[in-house]
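Each of the next two complexes has subunit A plus one other chain: subunit B in the first, subunit C in the second.
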Partner chain A sequence: MIRKTRRRRTWFAAAVLAAGSLLATTLPAHAETGVTTNSIKLGITLPLTGAASPGYNKIGNAMDAYFKYVNDNGGVYGRKIQLIQKDDQYSPQLSIAKTNELILKDKVFALVGPLGTANFTAVHKSVGLQRRGIPSLFLNTGFSGFANKKSYPTSFTILPSYAMEAKIVAQFLKENFAGKKLGLVYQNDEFGIDALGAFTAAGVKFDVSIPYTSGTQSAATAQTWVSQLAAGSAQVVVFFGVTSATAPLLAVAAGAKYAPQWILGSVGSDPLTLQALGVPVAVLNGALTPAGNPSPNDLTDEYVKQFQEINTKYNKAAFDDYVLQGMNLGLMTVQALRAAGPSLTRRGLIRAMEAKGSTFASVAYSPLGYSRTSNVGHTGYYMAVMGPTGDRKPFGGTVMLYTTDSGNGPVVKSNFKRPAMPAKGLPNNS
Partner chain B sequence: MVNESAKKVRKKLLLFIFLGWVLLIIGDRLDELRVYQGAQIAMYTIALASIVLLTGYSGQVSLGNGAMMAVGGYAAALTLNNLQTPIWSAFMMAILVAALFGAFLGLAAARLSGPYLAGTTLALAVGLPAIANQFSFLGGEPGLLFDVGFPPERFGEEFTQYKWYFWIATFIALVSLFITSNILQSRFGRTWKAIRGNSLAAELSGIHSSQMKILAFTVSSGLAGLAGAVLAMTISLVAPGAYTLALSFALVTGAVLAGISSLPGVVLGGFILVAIPEIADALAASLGNQDKLNSYLPGLFVSVLLILSVIYTPNGPGENLRKHFHKKSAH
Partner chain C sequence: MRNFKLKRSLTLVAASSMLSLTVVSIPTVAQATPACTTANFVTTCLGATSDTAPYMMMVPANFNGTVYLYSHGYRPNVPVPAGIPGYGGYTVTNTPEPAPGGNAQIIGALLGKGYAVMGSGFARQGWNADSAIKTNVELIGVFKKQFTKTTKVVAWGHSLGGFITQALAEKHPELVSAAAPLCMASDIGPLMTMAGDALWGIKTFFDPTIKGGNYSAGQAGYAEAMGDLVKVFTVIGSLQAAIGANASAPAWPATSQVPAAIKAIPSRSALVMVALMSGVPLQSAHFDSTSAPPGIPATSALSFQLAINPALAALENVANAAALAVLATHDLELQAGGAIFDNTATNYAARVAEEQFIWSSALSGVSGIGGLLSVLAASPRAKANPAAVAKLATLTGHSGKVEIPTILFTGTADPVTTAGNQQSVADKYAAYWSEKWAANKKAGIRTRPANNQLVLWNFPPEKYTKFTAAGSPDTTVPAATGTNHCNFTVAQHLAIADMLAYAAVNGKNLSGGALLTKLRKAGNMTFDRGYAAARLKGLGG
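Right, the complex of A and B next:
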């Protein structure tokens, strides 16, 4: 009798196990974090307040506006995108805390457009994005170190690297300002040092070179920069920093009647933000800047026109480079999510970026470099000159696109034609 | 008598081991976010213990604990990054360097008291972390990485990084609280209390008051340095932005709320400090989630709590509660 019960129990256990394993294989795969049948949760960290926030604080709302537009037009395979913005005040330590909130508390599916070089370096290490397999799309930084796909296998950059930018500016200096006295002001973290290395490699020597620490920019520090530049009688001054540092530099220089040929890095040359920070518009007239996107006022551009319409309806912010960039981040995110297919997973998204990312439509003129071996986004710039109203036009009248890499590759002039804007700004790729 | 106190210490040791075991089990039951916050509570606990020792016992008011934590954090990171030594040695180095620094500061502190001492240490909290910007080997604003490594593989796949931090932080907190509580109950603790009560009377009864003050500063700084290294571990980073003036103030608030002279209170203080941003977040969300509100509410909370506590319960609500219970049990 006892033996019988035991045997019966064993049989019962075996049957349960068999049925269980059968069920496990037929049940749909467990739902991915941050994804439901009708929603996708995404997160971004960026400075919404604090010294570095002017300009950048518009990006999140612009992305959100674009997502709302897509949501109102059916979403991504029926799923509505929800974007959670967290303010990190440009402090790496806060970025870590806020990203932790996004991942552990809000349980987002992926990060899109996290901003800042030092910030993302710290976050990637501390939060363990790679080990958690969390896709981090379109890092809003040009640090070339992130282009290392082995160290950052789940991350994808979007901006051309600071190294690429410096190489292109170096080429431009050689072609147009040979023999002039050169000055450089740069932010002394990975951001500016990346550029400095590229200038050195390209053989450009600066007569005056001024590093500054992020967060120390003010009218008082700008005073010391200007006096050093003027004392060294620099005729062409290259600036590699954020807009909140460009503003005091240009304002103080204008006050001191010091007017070299300014070449402002792409990160710190948004005219509207400069004006809002009290820079006289006239100072911008004639300043040069490497640019990736068309001017935000260029209504002949199909991307700009569409984004402006969306902005008017969903965002109501003054349309500038940051809003344009935010909208474009939204557009690229939606294409990436569509490319990953209806059964959305984190791994699927990363694979889709590798396989199809280089074909995405984007407002910037240069090609996208995504592939199985590369997580690099845009790869080039054209030089633009700013007008008296702060608007910019291509240097020499037409867009002359330079492309290059972050390493030893040459700087070449390119005839690349970017993909057309999807009809009504709504991607239908798969 | 000697046997009696040895018995007490042994009893306490057993209590701490039991506490550690309970925490271990709790750590297994909680989700990752709570485990991470647990590590933060442990870190605050150590930092608050250093304030209790310094202010609650020896009566010296310091607003510079954030700076001491920075010294410890940087010492640990530099040790780990440059000498590739095991983690525990980085933590030891944090204690050692911060204690040395504290001893040096103590020389000046022993001559100051009250608002003058508070002012001096406040200046330290403002200035010291910014020094990192001046020397490239300290990594500037982005700081230095501090990577204690992945949890040992034998703990399995499910064992997350944050649980590893929680284990390390909790272990360090328990050990340092055990040692601190023994120090406070020893001759030193009694001497410090005597100095706080009446420094002149203490000197008349043969206590070398300034020496003992320096000693308090040294031990307290060592503890703060250790907390700084634990903080660095939880964010994998040492940077000036991690050891702000706001941190120093938050710590003082935590200590006051927990009861400035109560060592067990520090755990409550740690809880409060971790809860404040959570509550502020929830409140900001209910008020419409404005960016500015989100950023400034935690600071506002800390300030208001500190002011209210000083007005209504000068020794901290923790102290009042304790007295209340003591009275009850006496009846």
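Right, the complex of A and C next:
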């Protein structure tokens, strides 16, 4: 009787194994949305047209160029990456619609580099990324509110937060411009809140403080900013806004012969974009800016050199900070996909980011903060000075990296050495 | 920003979908047996249930045994004097409505397939769910007695009728085989909180003489409510004119008493704040919050997309929602015996904590948001009558516990019964399903319970705001799909009807490819398990 039962069990187990092997041979290797045996579909929303698009509209093409380079070199575990770009015109409502399109119609595996604080907040609230378990890698926004793993468990930031940036600028102001009259022009939203809060916490008081509402930037409004700054005799002016606001500010100031020491936030200081918006690059001469990456013209930098080569062959765009950033997003995405292994799943990608993300190679000088409890990307800046061509060099001649967090942590000078660029710019991590 | 004139008063679009009625001759007293006439192979029966609610039945000669029971939406229970935009000239009516809006195409299509249709006008208008459920139960009995061939009853309804339909499905699965609450109301407390917040916001920012609730008894209270309607629409009209004159920095209505410093914030931002704090969507019939007039400079276009268009959406939606808010508040206060809206503990800053980032430009940035929230924080709050609130809580609500197949469908930008109403019932059902699954597992049953709730959404298009050749928004075009209250097409209604018939016969909802094909053919009907609408603000949304 016992033996008989055992026989039955053996027979049953064999049948299950046989069925299992049958399934293994007949089912596709990957049933994850957006992933096939030879492709991975990714999506990004960003402003490709409209007033907010200058500069940002280069990021997607740069990422795509990098992916094409990787695809031509074997892809990721044999899979070629397809990037679908959607133009949200910087409108949050449109970001929702476009992200829904990426998820429901295009059926992407993950979002990479979605751009804009209001935009991603809207998407997160309305699209249900968390509920759907869709990874959102490398958010193109510095809003510190996204650095909340509980609220954004499937999302990962890439840029140092605006709060980190302001804390570092505050430290720099104290070290280099003590006693000067200070001015601040800032975007009057979460972008500015982050900065303003950090400046206040750091004890920096501005003699002239000018908020502007996103979308109202123009030559006319810049005229009022410059008038207020000049009337307040601001000697050092910190600007926390987008490039489409930097442009009229600098142009109007130059016209009015108002020449304070400019400290331009990392978001709005790309020289080529300013030039495209009609601002003579020479007005940037001497302006200071917190920078995370090396200059896009620094061919001594192994990352820049490699990315420029890829850009020349696959993108043919003028190489600037946005292209550099896009290429780097591509590099990091490929490392994340590789870290998730050949059996690619959304859950696996998120786990890989948590477990291995902090070790990824990246063009930026500062450490990456990813872990099981943190979705924070880069954590620091160095201060750079811009020349007459808009090119930037480290302030003081060498990179002095400051790192910090978005909270009450101190600003510290760091000796962190970033990982080397993978050979030929092709990651082989696992 | 150029000036522009809207081609039509926004407020005129308000009530179009709510008050479409079938005009028939109806009995005014209860009739034990309906009076029937037959013409063109259709038997039409009129009668009244024991509560004197008139009803109408239409049964084709080839009746297949299934009848559709329709419950109409909210009709004010007081006449609305002429001159009030949207509602002016309304007189209380209990004309029966056997199909959505009495639509002849829908009725014709159903009769043509052998189905019967019926509906009551209900004995009392206003919020009448409790009595309407009883009326419907009696009506089903009358129908079955009259037409003994009846095998299945399926229920459907709009708005308050959706509430009634869901409640009928929960309470009387023995009578109804399948149900479709459409653009449904749910959770009367949070729903009236939304109405109260919107009214209180309008009062606080734009006209403190608006009473906004706590209306007196009798004729005096009626006069106060009608007075509020006039004031609300006067405010809406003033804002509309101000935005038309200067969209970037529209003036505040003359009736506003906010401090002068606050008036430095564009009034349109206060309007957006009213919408956000109460949960009124920022996509309206004609304003998508994404479009800008063609041909204007890029920076102006961005400003229009981010700041002006959302304000116009708020204007249009608040106009739609506010009128019903006044009428429903007046009605429910009378039923409950006192004020039902209480915001003494409401933290409006918390309410908009996340959305303020999304709509920062429309709210005029951080300083604008701070200023507007400071007004809300400093203004006198409305206090409810506890006994009235307690009485309101005794009215029928939804448990979400339903065993028969149900189909939920709403527009995600419905400004009156916002999508959060449908979401609430979906959430309750999900919790109920989880309870059942847990019980199964505890009992050693490894079979998942059937999911008998089909949740469908109607999303507005990405862009739909139309502009005239002069660049002004054109509000003469039809409301976009997914917007406005209960704004469904005949094709959508018939798809729902088909799915109800399937569910009634099979005991489960249509699924898989057949479902998707049905939805695709009807157009603008989305089945997406991953989507969840924003919860009602009163429920923490």
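Rule of thumb we're sticking to: the second predicted complex is superposed on the first by the 400 of 430 C-alpha atoms of A that agree within 3 Å, B and C clash if a C-alpha of one lies under 4 Å from a C-alpha of the other, contacts with A are read in each partner's own complex, and residues count from 1 in each chain.
The rule we apply is simple: a residue touches a chain if its C-beta (ideal position, glycine included) is under 8 Å from a C-beta of that chain, and two chains touch if they have at least 3 such contacts.
The structure displayed is predicted, hence computed values, not measured ones.
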| item | value |
| --- | --- |
| Clash or fit (per the criteria above) of subunit B with subunit C on subunit A | clash |
| Contacts of A:417 with subunit B and subunit C, given as first, second, both or neither | neither |
| Contacts of A:126 with subunit B and subunit C, given as first, second, both or neither | both |
| Subunit B versus subunit C as contact partner of A:105, first or second or both or neither | first |
| Contacts of A:217 with subunit B and subunit C, given as first, second, both or neither | second |
| Subunit B versus subunit C as contact partner of A:87, first or second or both or neither | first |
| Touching partner for A:145 - first (subunit B), second (subunit C), both, neither | second |
| Contacts of A:257 with subunit B and subunit C, given as first, second, both or neither | neither |
| Contacts of A:57 with subunit B and subunit C, given as first, second, both or neither | first |
| Per-residue contact with subunit A, leading partner among subunit C and subunit B | C |
| Which superposed partner A:372 touches (first subunit B, second subunit C, both, neither) | neither |
| Superposition clash, subunit C against subunit B - the stretch among 133-141, 169-177, 187-195 or 439-447 that is involved | 187-195 |
| Subunit A positions touched by subunit B in one structure and by subunit C in the second | 50, 89, 91-94, 97, 100, 104, 117-118, 121-122, 125-126, 128, 131, 188-190, 213-216 |
| Complex interface listing, subunit A residues touching subunit C | 50-52, 89-94, 97-98, 100, 103-104, 117-118, 121-122, 125-128, 131-132, 143, 145, 187-190, 192-193, 196, 211-218, 244 |
| Subunit C to subunit A touching residues, read off their complex | 248, 282-283, 288-290, 298-299, 301-303, 305-307, 310, 354-355, 357-361, 364-368, 459, 462-463, 526, 528, 530-532, 534 |
| Of subunit B, residues touching subunit A in the complex | 31-33, 36, 133, 140-143, 145, 147, 161, 235-237, 239, 241-242, 291-292, 294-295 |
| List of subunit A residues in touch with subunit B within their complex | 48-50, 57, 85, 87, 89, 91-94, 96-97, 100-101, 104-105, 117-118, 121-122, 125-126, 128, 131, 188-190, 213-216 |
